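Quick heads-up: structures coming right below.
After this come two complexes, each holding subunit A, first together with subunit B and then together with subunit C.
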Partner chain A sequence: MTAHTVEVHGVRHRFGATIALDGIDLDIGPGITGVLGPNGAGKTTLLRHIATTLAPSEGRLRLLGHDPATVAGRLHVRRRLGYLPQEPGYHRNFTAFEFVDYVAILKELTDRRTRHDEVRRVLGLVGLGDAGRKRIGALSGGMRRRVGIAQALLAYPELIVLDEPTAGLDPEQRLRFREVLTGSAAVGATVLLSTHQTDDVAALCQRVVVVLGGVVRFDGTPVDLAGLAAGRVWVASERDPSARISWVTGTGEVRHVGDPPVGATLVPATIEDGYLQLTGAVAAGQTA
Partner chain B sequence: MNEWHVPELAIRGYLGGTTDQVESCSIEAHLTSCAACRESLAAHGNAETLETSWLAIVDELDAPPLTWLERVLVKLGVSPATARLVAATRSLRLAWMLSVAAAIAVSVVSSRAVGDDPAFFLFAAPLVPLLAIAAAFGPMVEPTYEITIAAPFDKVRLLALRATIVLGSALATLTVGAVALRSLGPAEVTWLLPALALVAIGLYLMTWMPGVRAALITGVGWCLVVVLTTEHQRLGAIADGCAIFQPAGQLAAALMAVVALVVALRRRGSFDLPGLS
Partner chain C sequence: MEVLVIVGVPALLYFLWSKREPKSTPDVAWTPARVDATDERLPRGGARAVARVLGWTEARLFRRSAAMFQGVAFCVLILFFFYVVFRGNTRLSLWTQLVLFPIMVYPLAGMALVASHRAVLRGRRDHAEELFGATPTSAGTRTLAHCSAAWVPAVAAVLFWVAVVVASRPLTFGGIDTPLAIDGLTGVAIVLGGAGFGVLLARLVPHAVAPIVAIVAIGIVSSAIGGIGGHDWSPTRQLSTWPRYPNHDLLFTTRPVGAHLAYIVGLALCCVVLAVALHTRTPFVLAAGALAAALAIGGGVLATRPISDAHARRLASLVAQPAEHQKCKESRRVRACAFRDYVALQDEWLPAADAALEGAPPGLTRELKGERFVVSQRLQADRVDDLSSRVLDALGPPFTSRNFSWPDDGEYHAGFEGGPASVAAARIAAGLWATGSPLEARGDQRSCAIGGQARGVVALWVAYHDLPHAKAVDLVRAQPFDPEVYGDMDPAFVAGSAWPEDADVWSPVVWSPADLEAARKLLGRHHDEVRDALWAQWARFTDPKTTTDEMMAALGLDAIGPAAAAPAGTIDCA
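Our next item is the complex of A and B:
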């Protein structure tokens, strides 16, 4: 019996002449896995395959032990899936409660009382317990995002796919979100989240996958990703043009990522440095 | 500050189920804001029963109110969950308006365009409105399309539910239009009846089988009816046009729609079973 809840083998996806995914191979088990990559790298396409809303042009997937290419397999997966699309879209004239309740019916929670209790639970998890009666059109962008996260947590899904869940969340909401996700992972769920927030990945994920140009360019732990930039991050008082990338920090120092000059003051690398080193190396046609 | 509290006798009556509906509602409304009375109530009864009752009260007060359409559907025997899905169709305003408008347009255009060879229009009669409805609830219009696709609820079943309410709305609109405007007549109204009949039969079949299979059976069934009817006409059995366009044909479609909806309602328990999806 396999320990992997998500198996992606040789998956390619074309949108017309554009190749969005170019042979992805991944095996993912329970826990939180972060998917990083620049815009247009193929993260959302990959997540849509895993959320069963898109079929691959080539290759195959196996999710929660089922083949999503079959009707029965998709149904089994969808019954145990929680999914937040990148742009979920909301019925703005629904209240938050009504919207999550509507999704709960689509998730086959037919008993009214049980469903309402579940809707209250997930709205409470994302801190919207008191905002259930507000119209979605009247909610802020961050609150709407939390409504989206709430519907993805309905019925304790075993596979949770979240596409940029923290976009628009304030720092307090992001911390709360981390608490909720780690709670789901603690009870054995497989969580995949795509994000541009490297600090979310560093704080949450046991594993990180970097997708660039439709290909997996890195697959390891956040510490391993940070390690890609070990010995390649330095600070100086002036901008060094030889650096791959550099920026002025809040303390007024200039932080550089690249090949350090002799005598540079090296500093510990972060996951963000590793990511920048990797994306920069790929853009420059080098092997990271 | 609230000085009034539920009298001891009323609490006993409430717990014993002897208070009438008005008095029970009054007590429940007071309990939501009075901790002292809740404690008093708790002291009288079994804690588990009270907890269950209290949660039920909270749910009644907190849950979104039923819309008039949901209330009507529930009275007709539709399950509350299905009623909510059907009622939500009207809340998806843009998609709903587009689909009703498309169904009306298809009906009016088709009823006037049909000529001596109605076979194409006969095939299209129920299918084009359904395609228009499906398109109106597609990814370009329906904001929650992606979430809906990833949910286990049978999408064909959802389409059938939406089509029922859309076709019902379009029929009502056309009927009012036919009464109010001379330019509209019974032909435009009755053109939608085959579509409604097929959807109703499909809904009935969906109490026995998955949505795709039910849709295939109704679709093939309709094609057979069209072939047999047009063949019947070609052989000269009917002197004045195709049987489906005659009042008897339209009446048969309406009757089929009503009968199928009634029997589907009688089997609503099976319709709501997730295992059939």
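Our next item is the complex of A and C:
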């Protein structure tokens, strides 16, 4: 009996000549795991495999103890899965309630009263309890995203896969989202989320995976990720051309990541610094 | 053009309304909510339960769809055009309307096809397939749910059928027999088939234009099959939902409606089963497919069987020995015989002919060929050619001879339509009978030219003597010649015809315009004076040798001049 709810072994995926995933190995257990990576790194492809909507060209997965390569296995997984794709489609003429209700039926909640209670519950979780009767076409991008999150939380899924769930959410909504997600994780769910928001990872995730070029380049805690840049972040009044990356902060200082010059004013590294250090190193052909 | 405007404007308005941008909703704050721990497992249904519940949801969406709205709008337009705009002056048998039902539902079936096609592709159109694909419900179950939503347009078809019956009731007579009820079911099956085919098409050709192309193609194919065989009855034509019916009453035609219904239901089921079989091929699905194919093929084979000898003989008997199949009803002076489904017409003919014959001298009915003036239904002679060749074979000569005509047996051979034209024709026929004039056109619509003969004028007076003067005079007026209406007919024929133009029986006689003028003068004079004068010299005035001018002189009226030359294609009445 394994404690891992998601096991990914040697997964490769090709789209024609393009290799999207190039031998991914991951074992993920309950809790929140963040997947970071630049655009085109393979995050979405990896999440689609875990959401059973894509089959790997090579390798195998085991999800919630089942093999998604089989029909029965996929069915078992999908019954316990909550999934928010990167671009979930919404029928504009559906109300928020109707859309979530439609997905609830697809999730086999066939008893009307139970289903409607559940729909109201998840809409309440995302603060849309009173907006359920609004047509989706009339909702803002952030509210639509919340509808998408609500449907992913239907029927207490044990595995929640969220592809860029905070895109379009304002800072306050992101805070609420974190509350909901940590609540779900607290009740034993395995949550995988891909994001470009490193502060979401810092605030939410017990574990972070960085995917670059279809390969896992980092797998550890957010602190470990930040640690990659420890002693390699400094501030100065002028831009240092030797830095791997530098930017002007709100205080007018220039923050640098790279190999600091002698006498540089070092500052504590953040996850973002670690991520930039890692991606910069990979781009430069160095190991992290 | 008018049709395009009437159909297009509401459709465009609805399209714009359905595509309007919804009023945006201000952001709702995301207030904190607690995620409660639960060990509760929500009750879940199996695939069948999901298909049922999803089917209800899809049915609700089907009902709200723009295509469904347009389909219903087409039905309303059809009712409007059939029963308001193009409402005719004739009273037809109910079958003339209901037999068209499988054609009337074409727009509804087409829109059901579009609606179900769009419903299946909704997820794809909205980019939601990725999300739906991650749920435990298979595409096959979703397809089944889409198919099960077809009951919505089917219910609309049933309501449409009821509306057609209700709307046509005041304009028709007769009841709904089994074949007509089956025609109604066929219409419903066509709509179901349209919805089922839409689902299948969406799975095979997921393109928005596909249903439009399919509708046009099905219409063309059905029309082409429906036209096979020309006037003759064709077995192949029975496969079409749009068969051309022969130019005579369907009483004399074979309509394998039961087999055709089985064929349509089979095709509809085939669409549904094929759509489901694209995803899953369980033994149940395969068995359903076999049943559907058997229904379609079996129905098709049965529908396209040639007419049996026994049936051909029965149809021939209806033509050659109509009296054996008719019911008769009598009044004081008239006996009216009609086929079973047309007995309602007896109540039009009897009072009209009775009232007309009040203008003939008492005791005349005994002096002439029979006790009573007889109106009996016959297949019109000029439509015998349209009978199936098998029926013609069973009939044999003289029916198969060129330019067959019924013998002038002293009876008026009425047609199969009622209404004012039928009533007027019965009145004139009564007048012709009372004056000993011909009651049957010869051969290929050859009327006898009665112009210049006093009896023709007397016949018209008898026909309308009891009506108010203005109405009577109006009925004796010839229609202005319109080449678009009358084609290559001799204008002189039209100018001398007082026979109602909407009547489905060809005029036995044609008058001269001067005779019509004389009849109008007679009808304009004091009724009792004219009646007494005519009755006093009835034998003279109804003698073919007595001219109109001689009669006018005898009645003390101005001469109206010689009759015009007999129109082309007529025969001598003398």
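The definition used in the following text is that the second predicted complex is superposed on the first by the 288 of 288 C-alpha atoms of A that agree within 3 Å, B and C clash if a C-alpha of one lies under 4 Å from a C-alpha of the other, contacts with A are read in each partner's own complex, and residues count from 1 in each chain.
Following the convention adopted for this analysis, a contact is a pair of C-beta atoms (placed from the backbone, for glycine too) under 8 Å apart; a residue touches a chain by one contact, two chains touch by 3 or more.
All values reported here derive from a predicted model rather than from experimental measurement.
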Clash or fit (per the criteria above) of subunit B with subunit C on subunit A: clash
Partner chain(s) touched by A:51 [first = subunit B, second = subunit C, both, neither]: both
First (subunit B), second (subunit C), both or neither touched by A:142: second
Partner chain(s) touched by A:132 [first = subunit B, second = subunit C, both, neither]: first
Touched partner set for A:186, first subunit B, second subunit C, both or neither: second
Which superposed partner A:100 touches (first subunit B, second subunit C, both, neither): neither
Touched partner set for A:120, first subunit B, second subunit C, both or neither: first
Superposed model, subunit A: greater residue contact from subunit B or subunit C: C
Touching partner for A:208 - first (subunit B), second (subunit C), both, neither: neither
A:88 touches, of subunit B and subunit C: first, second, both or neither? both
Intersection of subunit A interface sets (partners subunit B, subunit C): 48, 51-53, 75, 78-79, 81, 83, 85, 87-91, 93, 101-103, 105-110, 112, 151
Complex contact set, residues of subunit C against subunit A: 18, 21-25, 27-38, 40-46, 49-50, 52-54, 57, 64, 122-123, 125-137, 142
Subunit A residues touching subunit C - in the complex, by the definition given at the top: 48, 51-53, 75, 78-79, 81, 83-85, 87-93, 101-103, 105-112, 114, 118, 124-128, 130-131, 134-135, 137-140, 142-143, 146, 151, 155-156, 172-173, 176-177, 179-180, 183-184, 186-188
Residue ranges of subunit B touching subunit A (in the complex, touch as defined): 55-56, 59, 62-64, 79-81, 84-85, 88, 91-93, 142-153, 158, 210, 212, 272, 274, 277
Residue numbers on subunit A that touch subunit B, as the complex places them: 48, 51-53, 71, 75, 78-79, 81, 83, 85, 87-91, 93-95, 97-98, 101-103, 105-110, 112-113, 115-117, 120, 132-133, 151
